[in-house]
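A short worksheet on the structure shown next.
When the chains are written out, they are named A, B and C in that same order, and each has its own residue count from 1.
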């Protein structure tokens, strides 16, 4: 097998720096800025920027299965588009049958009382709920709905996926809870009271 | 210098050997945390010296070695007992010296191999120090949404009902007072009256709890009602005297 | 800039599969076996094995900053050794850093004798080893391997991360212990020799 890039490597004095850039990016688990790379490589920023361009010219669509991409926050490696289908199969996850009791509790609060923030869900459930909310976000069942008026914590509402999973065309189709409370405000008050009783 | 004063610098202990022995015997130091091998190595570094004939042999101070061996043997036996408290397979005392030597050699060989394995691993880690790889997810890995089977919205309503249900009143069941049966005191007072003509109730129940004293008083009143005893008190709040009556 | 590999890519029909291999490896978070790659790429195993070799010939020390290696029962990417210094400045090595002699000894027991329980490690080392085992678990170098047949203590084995950290393709690459040290017979001989000398 002929190796034309070998010649090319000898020709370009930046090649060593480009290889260091590639090495750093393949180990990183978050995008790296040019400055971070320059500090790590102990090279001047301009030289590193040129090396990033050189590495990018090698690691690009059609030429390599590994593509160097500029993203928010710096540079990172991704799979080439021609590998997308294979990557999709690699990361495919089995269908999840049910939701945990904790997930259902938090979802019901977001659905009936939302939009609510993480601290509010924690207060209304009486249990720290950060990781549950993160899980619901990751699964796409809830989404961000801006911050509270006073500029406080980010609040969440249920997503279109939530409606599809629960077979609803809108939140107004949720089972009614008339016997519990008259509207979301009253429900929220009631949850707070009960959470207080539990904590006591 | 006697080996008792041998200065040790171990992971679990720093100081003279005899202090270590004292701490072990008073159970202030876990023998399980002590590497006896390290003690031996320290001893050898202090008491063994190379022979003058460049043969690679060592001369051991026999007097110090004898005393040291006795102490270390005792430590080893203690340690063996601690490490294998209820292992019926280890009947060290029942082994004859030949078997014991074989067992010891086998153990030492096993341990030496493991030490060599650990040494190989340390060297390998050093050699691999320039191999860097990513631990954790790739920053631009695809994250397909996890698919979720259709769910019943009634589950949400149920979850909300459970959340808004007031918790039950805290149970006081565990605080229920346990009362001794009245019969116990009836029998006890009858037994006393068989031995003695008269007794002072207050002295008899002095050591009991308030609950037991109350039950004892019920028993006493029972005896008075049935005519088995007469109860008297010289003044209000004075000690209660009990006399035997007719059955 | 001339791009000779482009021509080469057109020449080799395996090149597309090799790029898919590269794409899969750059997003995977653990080594992938040839079978896993073949499943994801939807290609016959032999073709994938040839493509892995082709990708490996491109992603190797001296030629690329990203190196394809066979490790822990599969294939994975790592930084070229020439990038090690830069990587050392940027990345922590929480797994390898500060493994004590006691930890290495316990790791050696799990690797050679495993699956093995905590009490067994304690017996072999002659020192209570519970906290050391907990530390190895936390670093991900060992993992649970079920309970002993009699339903007794949980047993441990080394993890794929262990093989990756130590650069082993499999545990069978560990050197044989009898090559490393004397067996019981030799040791006993030595004990007896010592005893004989003292008696003389």
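Rule of thumb we're sticking to: a contact is a pair of C-beta atoms (placed from the backbone, for glycine too) under 8 Å apart; a residue touches a chain by one contact, two chains touch by 3 or more.
Note that this is a predicted model, so its numbers are computed, not measured.
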- Query: In terms of Cα-based centroids, which chain occupies the most central position?
  - Reply: C
- Query: Quick one: which chain's Cα centre is the longest way from chain B's?
  - Reply: A
- Message: Distance between chain A and chain B based on Cα centroids, please, to the nearest Å.
- Response: 47
- Whole-Å gap separating chain A and chain C, where each centre is the average of the chain's CA atoms: 30
- Task: Compute the distance, rounded to whole Å, between the mean C-alpha positions of chain B and chain C.
- Result: 38
- Task: Give me the residues of chain A that touch two or more other chains.
- Result: 23, 26-28, 77-79, 84, 87, 91
- Where chain B touches two or more other chains at once, the residues are 132-138, 140-142
- Item | Complex contacts: residues of chain B adjacent to chain C | 11, 30, 32-37, 79, 83-84, 101-102, 104-106, 108-122, 124-125, 128-138, 140-142
- Across the complex, what residues on chain A touch chain C? 1-9, 16, 18-24, 26-28, 32, 36, 39-42, 55, 57, 62-66, 77-80, 82-87, 89-91
- Message: Under the stated contact criterion, what part of chain C meets chain B in this complex?
- Response: 26-29, 76-79, 81, 83-84, 87-88, 91, 93-96, 99, 101-102, 104-105, 107-109, 111-113, 122-128, 161, 164-167, 174-175, 177-178, 180-184, 186-188, 191
- Quick one: in the complex, what on chain B touches chain A? 132-167
